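To start, the structure itself, in structure tokens.
By letter and in written order, the chains are A, B, C, D and E; residue numbering begins at 1 in each of them.
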Amino acid sequence: MLIAQNIKLSRVLLDTWKVDVIMIISCTAAYFVREYLISYHFQISTIIPTVLGTAIAFFIGFNNNQAYDRWWEARKIWGAIVNDSRSLARNLINFVEDEETAKRMVCRHISFIYALKANLRNTVDEIYTKYLTEFDKLEVGKHSNKHNAILNIQAMELQKLYKENKIDGFKFMEINEMLVKLTDSMGGCERIKNTIFPTTYSYLTKVFIWLFVVTFTLVISQDMGYWSIFMGWLIGFVFVSTQINGMRLVNPFNINASGLPLNNIARTIEINLLQMLNEEDIPEPVRPINDEYIL
Amino acid sequence: MLIAQNIKLSRVLLDTWKVDVIMIISCTAAYFVREYLISYHFQISTIIPTVLGTAIAFFIGFNNNQAYDRWWEARKIWGAIVNDSRSLARNLINFVEDEETAKRMVCRHISFIYALKANLRNTVDEIYTKYLTEFDKLEVGKHSNKHNAILNIQAMELQKLYKENKIDGFKFMEINEMLVKLTDSMGGCERIKNTIFPTTYSYLTKVFIWLFVVTFTLVISQDMGYWSIFMGWLIGFVFVSTQINGMRLVNPFNINASGLPLNNIARTIEINLLQMLNEEDIPEPVRPINDEYIL
Amino acid sequence: MLIAQNIKLSRVLLDTWKVDVIMIISCTAAYFVREYLISYHFQISTIIPTVLGTAIAFFIGFNNNQAYDRWWEARKIWGAIVNDSRSLARNLINFVEDEETAKRMVCRHISFIYALKANLRNTVDEIYTKYLTEFDKLEVGKHSNKHNAILNIQAMELQKLYKENKIDGFKFMEINEMLVKLTDSMGGCERIKNTIFPTTYSYLTKVFIWLFVVTFTLVISQDMGYWSIFMGWLIGFVFVSTQINGMRLVNPFNINASGLPLNNIARTIEINLLQMLNEEDIPEPVRPINDEYIL
Amino acid sequence: MLIAQNIKLSRVLLDTWKVDVIMIISCTAAYFVREYLISYHFQISTIIPTVLGTAIAFFIGFNNNQAYDRWWEARKIWGAIVNDSRSLARNLINFVEDEETAKRMVCRHISFIYALKANLRNTVDEIYTKYLTEFDKLEVGKHSNKHNAILNIQAMELQKLYKENKIDGFKFMEINEMLVKLTDSMGGCERIKNTIFPTTYSYLTKVFIWLFVVTFTLVISQDMGYWSIFMGWLIGFVFVSTQINGMRLVNPFNINASGLPLNNIARTIEINLLQMLNEEDIPEPVRPINDEYIL
Amino acid sequence: MLIAQNIKLSRVLLDTWKVDVIMIISCTAAYFVREYLISYHFQISTIIPTVLGTAIAFFIGFNNNQAYDRWWEARKIWGAIVNDSRSLARNLINFVEDEETAKRMVCRHISFIYALKANLRNTVDEIYTKYLTEFDKLEVGKHSNKHNAILNIQAMELQKLYKENKIDGFKFMEINEMLVKLTDSMGGCERIKNTIFPTTYSYLTKVFIWLFVVTFTLVISQDMGYWSIFMGWLIGFVFVSTQINGMRLVNPFNINASGLPLNNIARTIEINLLQMLNEEDIPEPVRPINDEYIL
């Protein structure tokens, strides 16, 4: 997540340089084609880039809206994970009459958070094992879906608490509800990660922007001569940077400056839960990188 | 679901070739009509295709938004099915004091997933019977709505567990809630499948695009001569491909490259549940076809 | 609900013929006024219909979006009714230890569905009495809101089951929750039926379309002579048909080709529930009319 | 809520006459300034009102969408109040084994509805006291928030019923849930009433419409002479009436033709609940005023 | 929150003066560049600012919509806090058979509200300690997240009430549900506060508005001479003020005229809860500042 108020224009140019080169070549070609071929035969109607502009505006608008919605939905889900983590820990610590098990379950929950994060980001960090018992590690090792496996152990332990009368039916229900909600959040993240935004939208947008830039340059070169190459690229850049900017948000779990700050959120949960357990050894919050973004 | 980053333009042309032919014939006719009839009598106002363009932009935008919403809602429902399947299995395996029945119910649930998928896609695969007992198959055979019948058997077995004190009231409630949620998801899928997107919208859009292409060609042929046939088709193609692309998403359960990857999702559930049962014989995840899409 | 892929253009013309006549008269008048009065004094600026076009596009877009939302919300509510009907029946049949009462309550629920449908469509069919006992009919007769009265009898019978220990507190809660959800769906339908879409929106849209058609014809008649009458009507038709098409969806419970297929949905529920009761005498699904639409 | 299909144009003119006068004066001034000052020095570019038109279209569209959303949300909340009132009454009447207290609580609930309505509309009608006991009136008198006070008495009485074993824990929960939901609806209404729609939006819209009308008149007066005064006003009227029309919906609890028909909804609840109590003396439904609107 | 119907134009100018100066300098530069350099070589096409206008309209529209959504979501969350505060207090006061503890918990809840407000606004007011016991203050002092710490004490006390049989399981659940909901609202606020609206959107919007103003001035200066400087700024001002106005809503917890009136809402909760406790000493509602806005 970007935190700097002003990003550098150079960063945007860096993001789009490949497309910029293609656009400048196309614009130059369009200029020469019109100047030495078309201009002797016919005029190019202004309505062509105007109408194309409308189509592109719709496309880019649609892509940006849907991308932002995915990004914000992912953020909401992680917000829910924060909330449910706190409620789960509060319930375990205050309502369970077996302090040791309660503490073990809270720690195991921190492990769940880190396992989920690692999975969503396709990283292989093993931080999550830090909060697991030896038995847990063995059990989790058997499953391909690590975070789901941790939830299962939580349920197993919950059943044990219930059978040993450390909690009653009402508390059992309350805590189990939290596990159900965490399963929903976990599945929601996987859904966003695994569902690819319909490729045809971003592909057609690219094709149409290119078509627009070419016809636009053809039209304005009738007035502006070789300056049309520069203006063609400039307007194309406006559209391209908007499109690329939006598409950045489509995969909110990627590890880049536009992605969600999962490191930061996971650490916040860790700190909150350890403080609730009255632990002494609390880790530091995650620091921004270059005061520019946070991961 | 498409997974390739770049689709081939040829695929888009293949999707639209019929409409392309109609458009090229219409543009050619428009060109000749204007050249040899209209041009001697009057000018055609540029404002006509401009205003039509606005109307079409609204139509296509509306259709695409609603289509994408249906597609994404369907995806969300299947996401909920994944979540509830995991929670149901976790509850059954950990909380029921009758391991055999629990296992039977988890297997029957896998069968529910496959029966629902077959129904939504109008296929007749019998995979779902694999996880049913002989009694189940007989019972399910009596109903036209197979997946609903399976839920009924689950409820029957749940009642038996309760009466035999294998679960108490609290657990009974938790598990029954899962059946209620699965009924909601199942009904949500049927709603999207059975509710036809208002036909007038897609029909009128087609008529208006045609009208636009014709008036557009009439207008630009005043400047561009026979090149207007090509440009008329090109701009028409932009609108038509957008419209067709959007309408692909309207029926998310169809078995095509744009449809939801139900095979993949159902298999994920199957793998998760079998691992939770500590089964040895776990099937492979579903593989993409041509690295291009996944069903 | 329309089910045919292609509707006939003649149907659209039939829907709009009154407005078409008014538009053609207005366009003709506009043509003559400009030709024999205005043309000697001043030019009419193209910007006038262009700006009006923008205003109208907003209006029609807004109306269509809100109308579709009402229609889709109504569809969702009926989807929820289907789901809750199945869950209610499943709970009653499997969890109640008094088969006869359970069956009576499931039948009474079918009656609730038909009573609600009749109320929403302002019809007086008495199908719903078929599934009621004599006592029920008497009791329901006292109320102006028939469907609400049926829910009350269900609650009364539920209380009796509870007192006679045919269900325990947990089951009581689960079944009562279903009655609460059905009350919500029933109220949601009444809300959509009774809340009139703000009249000013559709009224002003009509006035502005007329204004647009007149100024549009005035402007293009400067280029196109009497052909402007035809083009003025054609563009007006595009806007009018879109507007009328959208307004069709505003009242989703009306009995017409665009309305929701309540007959069909109610019958689906009836079939599902009777099959769950192992009844022999199952009615046929509702058939489409002319393969064109379904009621 | 307006119920007449056609509102009179005169009503719209009446609503906007002040702005109309300002616009006509501005247009006239613009005409003379251009005719006798500007026309000797330079042309005014058509692009100025065109671009302003885009900005205004966004503003008005945004205002209308948000206003309608507030109105529809308010309607949904009152729909929820209707639903929860019925469910509450059904639960009280059927599940509580103390008929008298149940009846008293249902009546007190009608009083809650009227107290909430009076508060939302800032009226001082005392209808709500009709359904209160002497004790209630005394208690409610101590609070500034009357409707919240009534809910508290309901909770007090519920506790008494529970302690006296007239209801068990399950029923206690079900009924208390209804009180929680009613608290949510009540708070939702207060939120919409007390949150002022950001003033800057409506203010800037007014300023920009005025700016648009002036530049528009300046531009078209180059073609149309003094007729530009009329056309300038006409187009301005289109924007102004849309804006004013939308802003009407922003405060849905105001007592005017566009507000929600709270009288009607409250009466519907009253009738439903009294019929459920088998009362003889049922009041009449609320009648529309002039067949034009309903309050 | 602004409450005055009309804000002063001077306030808007004050908000934008820095950008206004930059725009006037840019417009002047553009005028001179065109007049003394470009005009001898080529015409600048009108289509350039037209197309840019479309892109900017999308950007500003997108930013405003998302900003308003954040603001309204934050308002909804605080609405939920109001509701849950009332329900929590009602439950505690009426259902707990230990008046003193109930009262202590209600007071502690007021403290929670003030602690949450102080955190969201980054202020250090210590009002919240007023309603805490000495033990509470000590306990809360150990945590970095004060409001979460208060919720933990509430849970601890709830557990004590349950163990001492001052509440039964059903009531325990109801009250604990309220704590869960308050955790969700608290987390929702933190999410909105900590998630920075994607910086690239507001940055690119600024760059594109500047680009638009320059090309717009270049184009209209062909018609209007040095008056183009004034008109260029005027149109730029329309876009800039809209953009700045929208961005004001992005951080709804900031202490300024556009922020949410948290002082007012917190005080409303305080008054409601103290009245429910039959306290004598009720504080005054928060007064607006200059009759212009409320904090």
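Everything that follows uses one rule, which is that a residue touches a chain if its C-beta (ideal position, glycine included) is under 8 Å from a C-beta of that chain, and two chains touch if they have at least 3 such contacts.
These are the chains along with the protein names UniProt gives them: A, B, C, D, E = Bestrophin.
Predicted, not measured: the structure shown is a model, and the values here were computed from it.
Engineer: Which chains are shared contacts of chain B and chain C?
Structural biologist: none
Engineer: Take the average of all CA coordinates in chain B, do the same for chain E, and state the distance between these two points in whole angstrom.
Structural biologist: 38
Engineer: What is the distance, in whole Å, between the centres of chain C and chain D, each centre taken as the mean of its C-alpha atoms?
Structural biologist: 24
Engineer: Of all the residues in chain A, which ones touch at least 2 other chains?
Structural biologist: 50, 54, 169-170, 173
Engineer: So that chain D leads and chain E is second, what is the order of every chain round the ring?
Structural biologist: One full turn from chain D through chain E gives D, E, A, B, C.
Engineer: Which residues, counting only chain D, touch chain C once they are in their complex?
Structural biologist: So the residues of chain D in touch with chain C come to 1-7, 9, 12, 46, 49-50, 53-54, 57, 60-61, 64-65, 68, 71, 75-76, 79-80, 82-83, 86-87, 90-91, 93-95, 168-171, 173-174, 216, 219-220, 222-225, 227, 231, 234-235, 238-239, 241-242, 245, 248-249, 258, 271-272, 275-276, 278.
Engineer: If you look only at chain B, which of its residues touch chain C in the complex?
Structural biologist: Going through chain B, the ones touching chain C are 41-45, 47-48, 50-52, 54-55, 58-59, 62, 66, 142-145, 148-149, 151-152, 155-156, 158-159, 169-170, 172-173, 176, 179-180, 183-184, 186-188, 190-191, 195-196, 198-201, 203-204, 207-208, 211.
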